[in-house]
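Alright, structures below, take your time with them.
Okay, so chain A shows up in both of these, paired with chain B first and chain C after.
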Partner chain A sequence: MTLARLCLVAALTLAACKKDGPAPDAPKPAPKGLTVGLVTDVGGRGDQSFNDSALRGLEAWAANQKSLDGKYVALTAEERKASVPAELEARIKELGIKPVVLQSKAQEDYQPNLQLIVDQGADLTVGTGFMLENAVETVARQNPGSKFLLIDSPVLDAKGAPQALPNVRTVVFKEEEGSFLVGALAGLVAKEKVGFVGGMEIPLIKKFEAGFRAGVKTTNPKATVLVQYTGSFDNVGQGKQAAQDLVSKGCEVVFHAAGSDGNGVIQAIKEARAAGKAVFAIGVDSDQSHLAPEAVLTSMVKRVDLAVWQAASDLKAGAFTAGDQTMGLKEGGVTYAPVRIEIPEKAAVLQKVEALRAKIIAGEVKVPSNTTDLESFTAPTL
Partner chain B sequence: MRKALPSILSVISAILICFIAAGLTRDFGTALDAFTAMLWGAFGDWPKFLETGAATAILRPLGEAGTKAAILTFTGLSVAVAFRVGLFNIGAQGQLAVGALAAAVVGAKLEAPGFLHITLCLAAAALGGALYALLPAILKLKRGVHEVISTIMLNWVAVSLIDNWLVIGPLRAAASGDNSISGTDQIHATAELPRLLGDSSRLNLGLVLAGVAALATWLFLTRFTRGFEWKAIGLSQDAARASGIDVDRGFLEAMLLAGAFAGLGGAVLILGTELKYPATLGAPWGFDGIAMALIGQGHPLGVLAVSTLFGGLRAGGTRMQLFGVHKSFPELMQGLALLLVAAKLMWERLLRTRGTP
Partner chain C sequence: MILALLNSILDAAPPLIFAALGAVLSERAGVVNVGIEGMMRAGAFAAAVAALVMPTPLGVLVGMLAGAGVAAIHGWLTISLRSDQVVSGMAINLVMLALGTFLLEAVFNSPSSTPAITQLPLVFGHSPLTWLALVLPFVVHFVIQHTAWGLRLRAVGEKPQAVAAMGVRVGPLRFGAVLLSGALAGLGGAALSTATLDRFEHHMPSGLGFMAVAAMVFGRWTPLGAAGAAAFFAFGNALRIGLASSAPQLLEVVPKGVLLALPYALTLVVLSVQGAKNVAPAALGQPYDPELR
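Take a look at the complex of A and B:
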């Protein structure tokens, strides 16, 4: 108790110092424009995939800034060009918003962090990832005047059924559609066997698997798909082990949907290539080509960045609406990254994949999103 | 009071060192802003309250600080009571996980009226934690396995078993369609620990329970024969045995109590704020308990005081991010304070030379 009291005294002293200090006469830049806050999940900044994608949408695209040693600096023209993909260049405009980002150390930080951002007067608060679902729901209920964006999950009630809150927009992605295209590509590149490494065995990841399997089945019906789940999203070693196992069983292309475990998958493929095997990896969420340029065939890109930017853009235009959104191929929510390596008959292969994309967008092909639908899936003719 | 001086000085020095470190890596103005924000986040944003009159400016930070303080107190007590008989319980994290899961399962699967339900959940958590601490105790008494090794190892056994299997497997909550939900089923409203300051603050009964536990432990250790026996065992096993104290029983009881406290810490986390066992159990509360016990010098009330302080600092620490200061500074302070407390000799020499010039 003494310590607590001492600390209070220290606090008061500090506060007193602060008043006498030069702080007040250094005028803070007047808060013009909107503030958009974002709470990462425990993956945090620098995960090379999911959280970094959300941060890109907020910091680089919407605010034209990057975080450097805890301070924001403006992006140069080249950096901005490198960050925004070519097909979105015309659409993505700088919004002049102020980003506030809080990282979470643990599950129990989600709720206080969201609340703290609301208390900072944020006009929109983004919760990144389905693990924040509960926290977003609670904070949104307690602050009916604030707006929220939840990525990767609808708001669920205690029984797990979706429910609508008047101040929450939720965005989920049709991961199965993007996975279908990379599956089709894998089927065209591989002859007999392809592999899939999943993280936790949850419905979200099953969507990737189902789409991928359907894609392989479409372009290479004879190929077998071997599947491994690591049970985590933050264990590089397990991902590597799973990929090594798949390669030793003869898989020629391995797709991962395993968060940080996937960095291990890419590592394993890179090593297998160095040992003389002709194998490829397919990355996930962000374009992961830079992790191993010669080994990564493509990546199933999930445009979390676009969802975040879009919400900020709508907010600025006064057009922010609550409700559940689903972003698939048609909406540009998922796609695959440019194939930068040389493969036999590259142009013809990519043409086939693009034809499939057109069919999905036109609604001619319905991609299965779970194992039950996968069983009744009939592959379209190429 | 004089005995507590090294701890107090260590904590103050740790805070000062961190402040200077933050000042040197940023600038001192930013560091001052960040540390002030942390203190407001820890013990209530009084300036904002006086300015706007919004009670939430104080109640919310207190709620966050209080919930963290309660868990730290329980895990700190867990390490401290084992330490009393000379055992080093590094297994509080595993015991906490088992207790948390027990509370989550009883809270979700069982239906009972309010008061009874909470009691049952707490009892299940304490029992779960105690049983999990029984393993290393038996290993020590029957096989002579050193408790430091067995308790460390059993942490990972518990975490792997629960986080990597039960919570994502048989006990995972079901969601409709292709939606994913993390963690176990939500507990019933009857099992939630009542909030003390209304809906805007998460401060709950857990802090009161922690305070009562610390007080009761202190009374037990200082005013009861058994408490005295534990102390004797801790000071010298041979001397205790020679004077007719059942050392093995002391070990067993102390480990059971240690496990029960860690389990209760888990229960407070689940019943107070999380309301289900999350996908992964976040912060390493059990390991932090070691720091709480050592900085608090194994004194139950010392543990309570240190936990209150660090619970607050850690709750407020997240606000440092608003000024671009890294979120881990409270942990850094905690680690430094621990290091300085360990340098006990230094303080003793410093204090002595000042006392007698």
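Take a look at the complex of A and C:
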């Protein structure tokens, strides 16, 4: 009697478990199209930077859609053409995937948002930005059957060392290589002095500085590079003051890697130009030309969109692999935005920069990514 | 070098000076105002939004009104309802932080900033608000020290019962001071979005409101002292920035975090040396209850 009861309970429990969802190894129904989910960091949609770039890779490039008043509508041919840069036009194909996007209002949202996307049956879940590192690690461990992409950071263990999870791909960028090219451009445009404004003085921002300095040294060995760190990423006033100082000391081109402080940097350059000084700003992360078209020479662009699109494309081809990836100039992960401003001998200047790009891609030039490597860096001959 | 330093201070100090003057007005009347940060944020946002549809100087006025509007909530909570003044101020900061972000998304569909506006035109190379910030501390000083209203304001912060005994109503007097305080904080915020930058940016005012309260303490609750402290903080920051580019080797000796924390550290020093009790208005933080003697 008791044994029979126990068997019944066990059988019912098993049946109940089965109802809860298909076992992870059960064959999936015929693919109706893949779903790729994305969780933004607190910057969210419309940050005109990191998150918007990731969303472009997913929504516009991979799904050929745009978000309009909370609904998705298909892109027109012109909109798609405007979204995909010319050099990637041949490569970026529409993938026919279904995007699901959740925005995070606070740090506490990262983990629940990622889990929600997994629960909705997404075939790949993207965490946008290093701030989601911890949340991606937790959710990936809890859902070993799901695939994840983490942008801008490896998954770190308790000691801060990178660790590999079997279901997570991470992508980081060689910011120093893109910074090197804008540094080379700055060195060609400026005569004597160029400036750099960093946000917090952390290794990631030092990568920008080291690459930029090396680029300037390559094209203009005599030029001085003046450096400012604002100590923040959220203080427009500090960025403006830092850039005003650099301009007052004769810097002709100022590159920033300072988040929101950078808006102040571009503002300072804009105002200095209005006051008659021939100075330029160089933006960061995405093409910041729209902030001050007459003042922004170019921007060091991180192709987050490409990293997201590539993961979705690999997923569709059944070629998605976990592991840490690094995207530099060679992989198209970093580049500089089109130079829209007229500068003297523009074609020749850009030709020199492009020659340097080719050398880095060919491995002839190794760009330093920290102060120590910068000291031992010998500039290549042009 | 000196000229660049001076220009840097003239550009950076006004928001801090306005907000510090605002803090003085409220606290001299006996109402703690740690909500300056939130009031600045309201002013910055409202000024930028208003300047999209009207001339920027009018936008600045709207920013002041918005600051005063938020201050009215603080006044209602602390004067009418006699709730804790610090708690009310902090609540205002939190609500304004969220509300600014919410409105940016709801109205402009962007988490980062409003569209660009026309900046205030420069007067002698600086924003007109810079020149206002040079004059206003003396005006506030005159009002507080040399007018009947100012005398009552100071008295109501020291011993409200005495003021009531003279036949002056404490509540409205304090409420007026809090409204003016909010308007000045709003002006400080408007300076950020119409002079420092040409739009509202979602981080504004990035802690400047708290620095303004620190300047007020450093300036011993006086208008000239608070404005002087604000200018001094701006000078310290400008000096740090100036040295960073011209003498980087100097900064390698001093950890940079120390320099960034200097204004707050100095305020702590002032508090511990002078003993805030002797300097702060005696009735500061105490809700006025007419039934108590």
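Definition applied: the second predicted complex is superposed on the first by the 350 of 382 C-alpha atoms of A that agree within 3 Å, B and C clash if a C-alpha of one lies under 4 Å from a C-alpha of the other, contacts with A are read in each partner's own complex, and residues count from 1 in each chain.
The criterion applied here is as follows: a residue touches a chain if its C-beta (ideal position, glycine included) is under 8 Å from a C-beta of that chain, and two chains touch if they have at least 3 such contacts.
Remember, predicted model here, so these are calculated numbers, not experimental data.
**Student:** Is A:Ala319 contacted by the first partner chain B, the second partner chain C, both or neither?
**Tutor:** neither
**Student:** For A:Ala348, is the partner it touches chain B (first), chain C (second), both, or none of the two (neither)?
**Tutor:** In the superposition, A:Ala348 touches no partner, neither chain B nor chain C.
**Student:** When the two structures are overlaid on chain A, which partner does A:Ser232 contact: first (chain B), second (chain C), both, or neither?
**Tutor:** A:Ser232 contacts both chain B and chain C.
**Student:** Should A:Gln115 be classified as contacting the first partner (chain B), the second (chain C), both, or neither?
**Tutor:** In the superposition, A:Gln115 contacts chain B only.
**Student:** Look at A:Ser153 in the shared chain and tell me whether it touches chain B only, chain C only, both, or neither; answer first, second, both or neither.
**Tutor:** first
**Student:** Looking at chain A, does chain C or chain B touch more of its residues?
**Tutor:** B
**Student:** Does the superposition put A:Ala362 against chain B (first), chain C (second), both, or neither?
**Tutor:** The answer is neither, since A:Ala362 touches no partner chain.
**Student:** After lining up the shared chain so the two structures overlap, which partner does A:Ala77 touch, if you call chain B first and chain C second: first, second, both or neither?
**Tutor:** Neither: A:Ala77 stays clear of chain B and chain C.
**Student:** Can A:Gly46 be said to touch chain B (first), chain C (second), both, or neither?
**Tutor:** The second partner, chain C, only.
**Student:** Quick check on the superposed pair: does A:Ala90 touch chain B, chain C, both, or neither? Answer first, second, both or neither.
**Tutor:** neither
**Student:** State which residues of chain A lie in both footprints, the one left by chain B and the one left by chain C.
**Tutor:** Comparing the two interfaces on chain A, one with chain B and one with chain C, the shared residues are 105, 201, 231-232.
**Student:** Applying the document's contact rule, which stretches of chain A touch chain B when the two form their complex?
**Tutor:** Those residues of chain A that touch chain B are 1-4, 6-8, 10-11, 14-15, 17-18, 21-23, 26, 42, 69-71, 100-103, 105-109, 111-113, 115-116, 119-120, 130-131, 133-134, 142, 152-154, 156, 158-162, 200-204, 206-207, 231-232, 369-370.
**Student:** Mind listing the chain A positions that touch chain C in their complex?
**Tutor:** 43-49, 105, 195, 201, 226-229, 231-232, 234-238, 240-242, 244-246, 248-249, 260, 263-264, 267, 275
**Student:** In the complex formed with chain A, which residues of chain C make contact?
**Tutor:** For this pair, the touching residues of chain C are 4, 7-8, 11-12, 15, 101, 105, 109-113, 125, 192, 196-198, 201-204, 206-208, 237-238, 241-242, 244-246, 248, 256-257, 260.
**Student:** Within the complex, which stretch of chain B touches chain A?
**Tutor:** Touching chain A from chain B are residues 4, 7-8, 11-12, 15, 26, 29, 32-33, 35-36, 39-43, 47, 56-57, 60, 64, 67, 164, 168, 172-182, 186, 199-200, 202, 269, 273-276, 278-283, 301, 304-306, 308-309, 312, 315, 318-319, 321-328.
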